[in-house]
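Each chain carries a letter (A, B, C and D) given by its place in the written order, and its residues are counted from 1.
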Amino acid sequence: MAWTREQMAARAAKELRDGFYVNLGIGIPTLVANFIPKGMRVQLQSENGMLGMGPFPFEGEEDPDLINAGKQTITELPTTSYFSSADSFGMIRGGHIDLSILGAMQVAANGDLANWMIPGKMVKGMGGAMDLVAGVKKVVVVMEHVAKAKDGTEEPKLLSACSLPLTGAGVVDLVITDLGVFAIDKKGTGGMTLIELADGVTEDEIKAKTEAPFKVALGQAPRSSAA
Amino acid sequence: MDKVYADARTALAGLVKDGMTIMAGGFGLCGIPDTLIEAIRDSGAKNLTFISNNAGVDGVGLGLLLETRQIRKMISSYVGENKLFAQQYLSGELELEFNPQGTLAERIRAGGAGIPAFFTKTGVGTIIADGKEVREFDGEQYVMERGLFADISVVHAWKGDREGNLVYRKTARNFNPMMATAAKMTVAQVEHLVEPGEIDPDCIHTPGIFVKRLVHVSNPVKRIEQRTTRKRESAATPAAAGEEV
Amino acid sequence: MDKVYADARTALAGLVKDGMTIMAGGFGLCGIPDTLIEAIRDSGAKNLTFISNNAGVDGVGLGLLLETRQIRKMISSYVGENKLFAQQYLSGELELEFNPQGTLAERIRAGGAGIPAFFTKTGVGTIIADGKEVREFDGEQYVMERGLFADISVVHAWKGDREGNLVYRKTARNFNPMMATAAKMTVAQVEHLVEPGEIDPDCIHTPGIFVKRLVHVSNPVKRIEQRTTRKRESAATPAAAGEEV
Amino acid sequence: MAWTREQMAARAAKELRDGFYVNLGIGIPTLVANFIPKGMRVQLQSENGMLGMGPFPFEGEEDPDLINAGKQTITELPTTSYFSSADSFGMIRGGHIDLSILGAMQVAANGDLANWMIPGKMVKGMGGAMDLVAGVKKVVVVMEHVAKAKDGTEEPKLLSACSLPLTGAGVVDLVITDLGVFAIDKKGTGGMTLIELADGVTEDEIKAKTEAPFKVALGQAPRSSAA
């Protein structure tokens, strides 16, 4: 009984703290906004030049001058400020964003992340992903535990070393998959540690589907989420 | 020496030459200088290098210049929203240099501010750092990136006065302010042309010194790439939530 | 997690420690966070390094902290408007690092933007380049300068909202916006405290993310160093002309 | 019959062109603003963060939030914009200012400039001078031809090499003194050329008061003022 996309987003939302400034990637990370606890003040940053991102607009109220980094129409809040791309990435690169939640193709036990290109396929570009993982204080990956090919075969995504070109080297602090949660000691030598299991998932199932070496420390507070 | 030109074609007359490097503002289709891009197409100049975060979509923005094969090279962070791009790239007609978005923004800002090179954490340990100097400062690794400076920059602003002072609107600001500083010749299209003194001097995003020519485009066609909305009854939906339509 | 504190002393309570590096905004006496500087004096912290374009005048601004001998080192572009500074410097009590004003501004901007080092033409061939790397880019010489990052920044703004969004007024902006980005803890004093939403989001100079604490100083004493005026009858006098009084 | 301060400022004003953006230093350079030809559009930049500097205020209308780089109270114009010190020096360093007019202690035949410190005396700092001479497209120095000591002796200020610490190396394009005007080939090997004499001043008088080697090409348009 793996976690659904919503359950993964809800688990990621537990990494939020009152007063956090957060950048959410496209896909499941966007859903995390739906799980911000009531009363907790979290400001969402959009790297195209906005802090204090509001919900999608009501139909008919879309403003082409107001989009997020996924090019979706959004709205502003009383707290909103706008700024240039240079100032936006100054904010990101300068370590002012507390948390970035994003998707991944592969994560290695040392915190390496690959999520922007597959050699041989048309490459669309890294956008702001390399800047985010290099600059944001804490990086949380939310992804399916394994990649499912069209023929039904499964490829592990948590690896001892990424085979795809990297987005960042030693950048991931926490990985949330549909099967569980892993903390990564990205600056040290502690490697990857399984700290939570999704409901009904066993350590054995995870071991079978994980190529990366990992330690197990279930029920302990993840070291890396002490913000 | 009036900076205001009658239209985009007049504003660009004689400026665009084969082989030039041109910066074009905008993020996706938001805040793109679409009318000036059309005038660049009409100039017929070939072998252009474009520095722009994206490459437009089919038939819109820089997509127009892909149709006419006027672009030889793109320096961007994210492309491929248009099929023609992929096609020309895969056939080898089009050269492509990917920059991380923040590195691209900072390279442009540096070029405009007389900074020939700077160091950044972004891209260390990735193929972006290949062939570049990597250096340690205070125990961390950084890669050296170079400033960018173009022959021409074309930008889109919300308001502009005859002195060239510009104000951008919401997320249509994006790359426009830095690009305005980083070219020998910056041409701006503005939705609202006003007299000097009408814009609060504390709220000018681009001082007039950076803008050499200005054209009034009162009714730009603004396209939306991803129209996302929420239902009226779900007024309490938290930030960024909703459905894609 | 309200960012607004009752007064400057409360806002700085427990923050200022001996030996810290503190940035203070302002150019001359224009836009200085005078009330926060007084609170730093009252904290009693010693051996402070200050990064500030100037060092105040006798009895005003950082001049206050010279009187109490709380400053060990200044990083500035222009000092000596006050006698106490000269006296402490010549007696060896005070260390002084001169930076060209633009280099100082850029070092602070770089520190806040995660840029550990950059190259500039400024100072090449002068003693400012002594001991620093000089490198050629495209046939010109440049000197490498490092980013600056402080323990605390104190800034002065015209308006601020409870979220920490700030707007500066006229030339009182100067070093304040960059300094707000370049410290672990930025504390702002604002002349007008407003609610979120009252400031046009396109005109916010410092987004709230950079400001951790905020104090409302509704009646700051603003001093003028060089009061220069022109006579009413000479209304046609061209720019910057007139007499010093 | 050397030029007065006003005549020197008037001569410097001849370097202005319609549409120029100009930074004026303290002292005689400030007076240049009085000689901007009627109808010529010149915007003055003040490096503390202002473009479009207006005249001094009427008495009683001084605004402590509105000063120039000399810390003098000034006014704004309809064309005025304000910006941060980082943006101001980006403008300067990036080569966007057309002309800087400033004073000097010494200028060398190769364009070296010294105007910020005298070793052994209390040093106040270089302020923005080093950035201006390094970044502005054209640099014009306006100064007395010689320095007069208290005992009445005269020291030349146009030298074969500056003896004081430099503000910039190879940065000066034109020198206007009370005795005449010199063009400098700062990027090349052409050295210094006397191109104008003040009213009633002779070449011989200038030769006697100039330590720097210089060529003479009177009546020719200064090469360096082709902007």
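In this section, a contact is a pair of C-beta atoms (placed from the backbone, for glycine too) under 8 Å apart; a residue touches a chain by one contact, two chains touch by 3 or more.
Predicted, not measured: the structure shown is a model, and the values here were computed from it.
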Higher-contact pair (C-beta pairs counted), A-C versus A-B: A-B
Inter-centroid spacing, chain D versus chain A (mean Cα positions, whole Å): 55
Separation of chain A from chain C, taking each centre as the mean of its C-alpha atoms, in whole Å: 37
Gap in Å, rounded to a whole number, between the CA centres of chain D and chain C: 27
Contacts with two or more other chains, residues of chain B listed in rising order: 106, 109, 113-115, 120-121, 168-170, 173, 201-202
For chain D, residues that touch 2 or more chains besides their own: 76-77, 82-83, 89-90, 92-93, 135
Touching chain combinations (by label order): A-B, A-C, B-C, B-D, C-D
Chain D residues within the chain B interface of the complex: 18-19, 21, 41, 43, 45, 51-52, 76-83, 89-97, 135
Residues of chain A defined as touching chain B within the complex: 24, 30-31, 33-34, 36, 42, 44, 46-50, 53-59, 61-68, 70-74, 76-77, 82-86, 88-90, 92-93, 112, 122-131, 134-135, 165-170
Contact footprint of chain D on chain B as seen in their complex: 1, 109, 111-115, 161, 163, 165, 181-182, 195-197, 201-202, 204, 207-210
For the chain C and chain D complex, residues of the former touching the latter: 27-31, 53, 76-81, 86, 89-90, 98, 100-106, 108-109, 120-128, 158, 168-178, 205, 222-232, 237-245
Touch list for chain B against partner chain C, complex: 106, 110, 113-121, 135, 137-138, 140, 142, 146, 167-170, 173, 200-203
